[in-house]
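Each of the next two complexes has subunit A plus one other chain: subunit B in the first, subunit C in the second.
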Partner chain A sequence: MWKRILPCALLLLALTSAAWAQDDITRDPGYIDLDQVEDWFDKEPTIIVNVKGALLDLVAEASRYEDPELADMLRKLKSVQVRGYDMRWADFDNIQERARTMVRRLEDQGWDTVVRVRDDDEDVNIHVRENDGAIAGMFVMVISPDDDETVFVSIVGEIDPEQIGRLGRKFDIDPLDDMSVDY
Partner chain B sequence: MPTRSSLITLILLLAAVSLTGCVYSREIAQTRRDLERHYPEADFDRQIIINLGPRSLHTFGWLAGLAPEDEAQMARDYLYEIDRVKVGIYQVDSMPDLDDFDPPSIRRFERDGWEVAVKAQEDDGVVWVLYRERYDQVRDIYAIVLSDEELVLARVKGHLNRLLEKVMDDHYRIHEFVDELEIGYR
Partner chain C sequence: MEARVEAYLDDDLPVEERVRFEQILAGDTGWEAEVFLARQIRDGLRALPELECPPAVTEAVLTRTRREVRDSWLERFHAWMQQQFSALWQPALAMTVVVLLVVSVSLIGRSTSPPPPDPAVAQALADVKMALGYVSQASRQTGKVVRNDVIAERVVGPVQNALNARQQPSDDTQR
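This part shows the complex of A and B:
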């Protein structure tokens, strides 16, 4: 009996492991875990967006008629994550420092910095990760003590930087709205 | 051949049978209770509860299918893709403090396999949208919308990717048809 059950069990295990590996977006080179920035703040995020998998398909489908180009772009993406926080001026230096540490780590991991703006009241960073000649991920950080202006955006998948503004409008992400990255 | 009055009686009977229990939802009530328990200053007054299960929805779909209009046929097709709709609308008599608003219901949903798709918090309200996938399809969406006037809790369960695909196909066909009419008119 075991001779019949064991191959079936092994086959099932192999199939489920393959499916799990395929679905596990955390292994994607363009993925950034935004949970790590949650520790930087002592409050819950005021904005959370986690759109991936079947939900992303649903959003793409909903855009099919009104904006077919956006729908095509969304179909090439694997996930869109956003975290937005209210931040006090008193925390600005601390958050800035943590962000810089994170940027250094990302650059060590192969992320390129395509935009870096440091102002007295705002830090803006845009990073992309390439894989096999295509953009595999984009990470946007806007750190500003004004209300709802501290935003982290992680997009995994094949991104057309010229279309990034559409994505901002679709998900109501102000920093991405009307933004295109010359890359 | 059934008379008009017997047909109406039959429809009313079917509706009565299928709508049994559709004015209460334990899940919706529990979310409201969780909020009131966790935020003692919150007070919500029930306005409407709707809970339509597959039997009710399929009955509505079947009734819609009796009508000859194309829109009714579309509605029937859409209703067959939905398994359950629950909606609770509560008047907000007393608003909870939205500073760091993080209802325990969300954790309970996450333990049950739901994921937060969207949270958006403003000074005067908050929106949570959760979803659950099964076999690479969105099968469940749950929304919690709290403003200073109303608390709206809504859950839709069904083949939502397929439903949206049908809606978009019909929408596209209708627009193509209208465009053709407009070209012909010119």
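This part shows the complex of A and C:
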């Protein structure tokens, strides 16, 4: 009897442990659940990215030949999330207000606001969360109805902002290139 | 018959032949004189003093003999080594070369042709690059705005105003 039950119990334990490990990212101080911004919009997101755990490890390994520095950086990350939405001008004030509320909550939780740019037609926020003297998470909000691109990016893990900026420069995104900036 | 004279004197003839030879000698004085002469020559030679070989000659002969023996040993050793080399070392060397070639080819192959990633992994890599691109772009764009709003408005503007203010009185005095 026990010979049949024991393997099943061990398998169940392994599965629950794996599930626990997978969910453990939500307990990370640098983690932000981007699903919470879905309520702000009445449309489905146009961009959804959820790369974490084993998939992120595989991504790091896959980029090893192409870009070793990128692979080294990705190995230190735990999760990369992106949400992108098309936004109407009519919703801009409402979304801006919700974003401000979220920023206040994040600051209460220990997040630092690194950059905040509020313009008539765009709202850009960059926040980081420090933990044990290192950056454990980064959150970027770009709310810009002019370009039909409102983007939320959450990166969890050991982050070097300078490295992200340098590497990210290689992967320029067109819509943000067109952001209007008054000189 | 002449050959038998010498053998007779050396006492090398069989008994029957010796008896017959002595019967011939007893009836033939010519052969008896021949045997007498041969015996005198033999005894005379045996009476000569024994000569010693000069030391230089002995040394030269020994040196040459040693060299020939050594050369012979080296030749045999060289031949043995060649046999061992061809029997043992040649296959080992060939195997080593083959292993080195295989390892080199596999290393070169690995470094030049990475395995194609799984489509899901490739898509995830593209997504991660896009996310990094957004972060980098947002940083740069906000940097431009800060530079424009802060530096242009609070640094360049006042400096420009100050320069204009200094230039204006000098213009008035020139008039």
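Here, the second predicted complex is superposed on the first by the 139 of 183 C-alpha atoms of A that agree within 3 Å, B and C clash if a C-alpha of one lies under 4 Å from a C-alpha of the other, contacts with A are read in each partner's own complex, and residues count from 1 in each chain.
What we mean here is this: a residue touches a chain if its C-beta (ideal position, glycine included) is under 8 Å from a C-beta of that chain, and two chains touch if they have at least 3 such contacts.
Not measured: the values here are computed from a predicted model.
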Using the superposition on chain A described above, determine whether A:A54 touches subunit B (first), subunit C (second), both, or neither. first
Who does A:Y65 touch here: subunit B (first), subunit C (second), both, or neither? both
Considering only the touch criterion stated at the top, classify A:D119 as touching first (subunit B), second (subunit C), both, or neither. second
Quick check on the superposed pair: does A:G168 touch subunit B, subunit C, both, or neither? Answer first, second, both or neither. second
Broader residue contact with subunit A after superposition on the shared chain, subunit B or subunit C: C
Once the structures are superposed on A, label A:E44 by its partner contacts, choosing first (subunit B), second (subunit C), both or neither. first
For subunit A, which residues belong to both interfaces, subunit B and subunit C? 47, 49, 51, 55, 58, 62, 64-65, 172
Subunit B partner, complex, touching residues on subunit A are 43-51, 53-55, 57-58, 61-62, 64-65, 172
Would you pull the subunit C residues touching subunit A in the complex into a rising list? 114, 117-118, 120-122, 124-125, 127-146, 148, 152
Where on subunit B does subunit A make contact in their complex? 100-102, 115-122, 131, 133, 136-138, 160-161, 164-165, 168, 171-172, 175
Which of the residues in subunit A come into contact with subunit C in the complex? 47, 49, 51, 55-56, 58-59, 62-66, 70, 74, 80-82, 115, 117, 119, 124, 126, 138, 140, 142, 151, 153, 155, 161, 164-173, 176-177, 179, 181-183
